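Here chain A shows up in two complexes: once beside chain B, once beside chain C.
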Partner chain A sequence: MATAAPVGRGARCGGNRVVARLSIYLQGIVFPSPDDSHFAVCAHGPIVERGSGTVRPDQPRPSNFFGIGAYSSTVLFTKYAITPWAGLLVGMLLSALAAVAIGVPTLRLRGHYFAIATLLIGSSVQIVFQRWDWVGAASGLYVPIDRTSPLFYLQFHTSKVPYYYLALGAAAAGYLVVWKLRRSRFGFRLQALRDEPDAAASLGIAIARHKVLAFMISGAMMSVAGTFYGQYVLVLDPERLFSMEISIIVLLMTVLGGSGTLWGPALGAAILVPLSEFSRIWFGGTGRTIDLILYGILILLVCMWRPSGILSLLEERIRRRTGTHEPAP
Partner chain B sequence: MSLLLDVKGLTKRYGGLTANAEMTFDVNEGEIVGIIGPNGAGKSTLFDLITGFQPPDAGRVLLDGRDITGLRPDRISRLGVARTFQKLKPFPDLTVTENVIVGALARTSDMKTARDQALESLAFVDLLEKRNHFARELSTGQRKRLELARGLAMSPRLILMDEVTGGVDQRTIAGLIELVLELKHRGLTIVTIEHNMQVIMRLADRILALHAGRRIAFGAPEQVRSEPAVVDAYLGTIDDAA
Partner chain C sequence: MHVFVNQFWCLEVRALMSGELIIQAVISGLLMGLIYALVAVGLSLIFGLMEIVNFAHGEFLMLAMFTTFWFWALASLDPLLSLPLVAIILALAGILVHFGIIRRLLKAPMLAQVCGTFGLGVALRAGAQFLWTPDFRTITNPLIAGRVQIGPIFIGQPQLITGGICLLSFVALWWFVTRTETGLGLQATAQDRQAAAVMGIPTERMSALGWAIGLGCVGIAGSMLSTFYYIFPEVGVNFALLAFVAVALGGFGSILGSLVAGVLIGLVESLGGLLLDPSYKTLIVFGLYLAVVIVRPHGLFGRF
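Up next, the complex of A and B:
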């Protein structure tokens, strides 16, 4: 729980206009890093809820879906020799269903109560997987090695480069979906209900249905990240898959880069992943959790000086130079 | 003229406080009904009850003969009821055009149609030149017009306006009055909460006067103004407001 403190601190420094709220991630994107214990997951959060003045995940914990994605493909592969590509789709479907199961009962909750409820549900899901013998309980699952058809079984034992392109492809696909979504009727309506739910309702938007749909989409995307992660590390450890840390990293990338923006999460990931890698190199084994401390410091700084995220700094500069008021894409 | 909105005995209590007590009034198609009353008279609560934002403790709301009591706000709005809020609620991080597009999307799922409709609404409220600004950059008067445009983009049958002229400077008020009259001319039915007596006397076909959660008068403007109960409730404030 070392990571809980920094975000808890960050949570209270909201109040400012833009990020006194938090996100429904519409996207989980994977960026692989040299150390396989550290696959970074990048979230995308166009949906942000203004409310009690706190930064909070207005979505079921992302790590739930990350874990579901990883388990779906791996269980299907180990038990039934089904290609992870099919597992990917199954994971997306199961994650979307889980998003409904978690989202519907928690919809009535607001602010801290929502955060507490989803936190507990997240922990419960983790405990279920840790006790569930069929999926390996606490010791998890190993993905059996198969060298016959790399692309079909998503295993590239000679090089890590293919994983990079897989992740890049997933990221690009995720971005395409979000980009399309933001321009769609559904996307406009989500942005509206994020800012002013009452006004949105007065314009015919069914708040609950839209929120649950957003949960489903984001859950499915996060699940994709989980599947690729599972295929990359080849070991599923429920302790790690459903960890708070994954949820926090996703959240942090979004908030750091700029929640509610298209490119903010990518920018956040581009800063956080190298930061964590370099801290590992500089501090070695003794500094295993130093990256988390740095994360905490960063989130504090962002909340204090730039709650709308780093991307908004750049946008402002561009706007000042060109004098236009065109919104960021 | 046919009856569009029929409110019967709406009651809302908050603990010991009765915000609306057996409120009864009706609105004919194509009519402007003004609602007046001192602060805390229950005007905005009445709007919330009609539009589904709060459930009434008793009473009925009929829209075109259909019982809409207790329906969700989005359902009611899809039946053709738009509203603006006293405490303005623009979508701050969307541009002016995007704000209105959200309204237009209530009627169409085609983005191009929605954008065209939004621009038309913006032209109507004279806000076109601000179309690429973020809503948060607008002045209060502009925000009011933005909210109006957003509601109008839904092509509603009935619009409930909560203090369109409140907090707006005198010169702008004349324009807003013209705007509302033009809407009526186009066949829209309007219920408007208004503090400014001069404005309401010019606009309204009928006036509903509230005081402490109760209806104290309902009828033609001249008649309501001379009603003793209204004079009592408003004594000394009529001149101020004007």
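Up next, the complex of A and C:
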């Protein structure tokens, strides 16, 4: 993700516009601005939605589905000239199927055994895509440039602003789905499963089936983000698409904001994306890893001092002010 | 016809070679497996004591290798001589990490624990890249170099001595944990923290000792590994991945389990690379892990 924005971008940005840009970033998630300098937000906007989709946030390698989404739309487009919109749906379907294939054997594992299994699956999928000649093997795929019908081919070359609206729309749709889901019977069952697995099982909730379903939904959402990301950067590199970094960023957004909450991931993204952009602008080309150092230290500090996320801090403050003891929805 | 004959000739050569090649692969897999095992045993010990997986373990291996490298580059100290120094430095780092970070992290839920040590690893890796650039480095002309020939089989001398030192470390660790009073205290703490505390065992100090021993093992492994392996900031990632698999395969918290699983992974990796395709090594190891864990959800020797 550190390479999401083109390399030359840092050089183009003068330091005098930094303050202006901060406001743009901060409102970027809710209020779009016609300034095309905010396009990094577009790239990461879709990632937000996956974070919010984490009914089970304990899988360290969600980038599998991100990559599957990007590959599905691009392969269909380059090989059969099928619009990325159809590729989006195919990607969601394939990701859901992959989630079943991964989930059925591994979701019955507990705790760390499961975490390590997903770590390994991530590496395995990456190896498979790096060796698969039909999808370009290790050198990846390029999305052919087409300027005739931006909306049909889902690529915009005159301005980056449409990407922003796409990302915003996808994030909003994702949030709507999760919001609806949390208030449905299915959602309540999942929450019961998360909080008290044994009690939930004794009440007759089919643990395995619900876990796999949740995994499928989360995978399909991540796949949407992957398709948009592929159309945005126009080049698919298996090294980057299935990288640990994307998984880390998504996890970090979730943990930083507050895992298991609705708005936590959005809050996490609103903090992390500007942080990464600023560290890149300020430290320029000198140390490309400074943003990762900051990320690492930040995630460590949050986990040490505020493991339930920043959102819980705000909630606590609101509760103290209003004097109520009900947990915020 | 000529092609036909040629093919047969190839097959014959392969059949002739394969016996020796397989023995060669078994030996190098065994020696590599011992390193995986030594890296894994630290993880396993730490998990047994406080049920936390150190996702920054590979980065400490990387730090051990860089420490060895700088001892060699700046003080021209051979890896074999700086080995005890590196082990002590890493052990001290372990104590520091325990009191500075882990004690606080233990109060958090599991996801935060995973993310916390993960974050530490990311910061260490990026920090190493920032300080020492992502370049590959090697230690040239170490005291131990060259290779040993036994019949038709060649073994790299660094690998052989590394395997020996790893095995020695295991014996020492085994003796310490099962034969000394402190070691028994360590075991008691791992079995039941509260009961151990009631019996007057300083459990907090035992946890710190666990971190010191765990990272000390990584120090030994890293120091020896740097005699024949490239040294770069990302080097720990792959070793840590295999160490995680070894720990889970052997069962969290079991010393014997990590030894057996580490060697097993080394063997499977080396033989799989020879018989199938080197780039599918990870896939084979993963298949092994999944197969074992589905049949035995707590690994081969696990208690948790």
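In this text, the second predicted complex is superposed on the first by the 268 of 329 C-alpha atoms of A that agree within 3 Å, B and C clash if a C-alpha of one lies under 4 Å from a C-alpha of the other, contacts with A are read in each partner's own complex, and residues count from 1 in each chain.
Going forward, contacts are C-beta pairs under 8 Å (C-beta built on N, C-alpha and C of every residue); 3 or more make two chains touch, one makes a residue touch a chain.
It should be emphasised that the depicted structure is a prediction, and the values quoted were computed from it without experimental measurement.
Of the two partner chains, neither chain B nor chain C is touched by A:Phe215. Within the superposed three-chain arrangement, the count of touched residues of chain A is higher for C, of the candidates chain B and chain C. Residues 17-18, 183-185, 188-189, 191-192, 195-196, 198-207, 260, 324-327 of chain A are the ones that touch chain B when the two sit in their complex.
By the touch rule above, chain B contacts chain A in their complex via residues 51, 53, 72-75, 77-78, 82-83, 85, 89-95, 98-99, 101-103, 105-106, 109, 111, 114, 132-134, 136-137, 147, 150-151, 154. Partner chain C is touched in their complex by these residues of chain A: 57-58, 60, 105-106, 108-113, 115-117, 119-121, 123-124, 127-128, 130-131, 244, 248, 251-252, 255, 259, 287, 289-290, 292-293, 295-300, 302-305, 307-308. On the side of chain C, the complex with chain A involves touching residues 47, 53, 101, 104-105, 107-116, 118-127, 129-130, 237, 241, 244-245, 248, 252, 279-280, 282-283, 285-286, 289-290, 293-294, 297-299.
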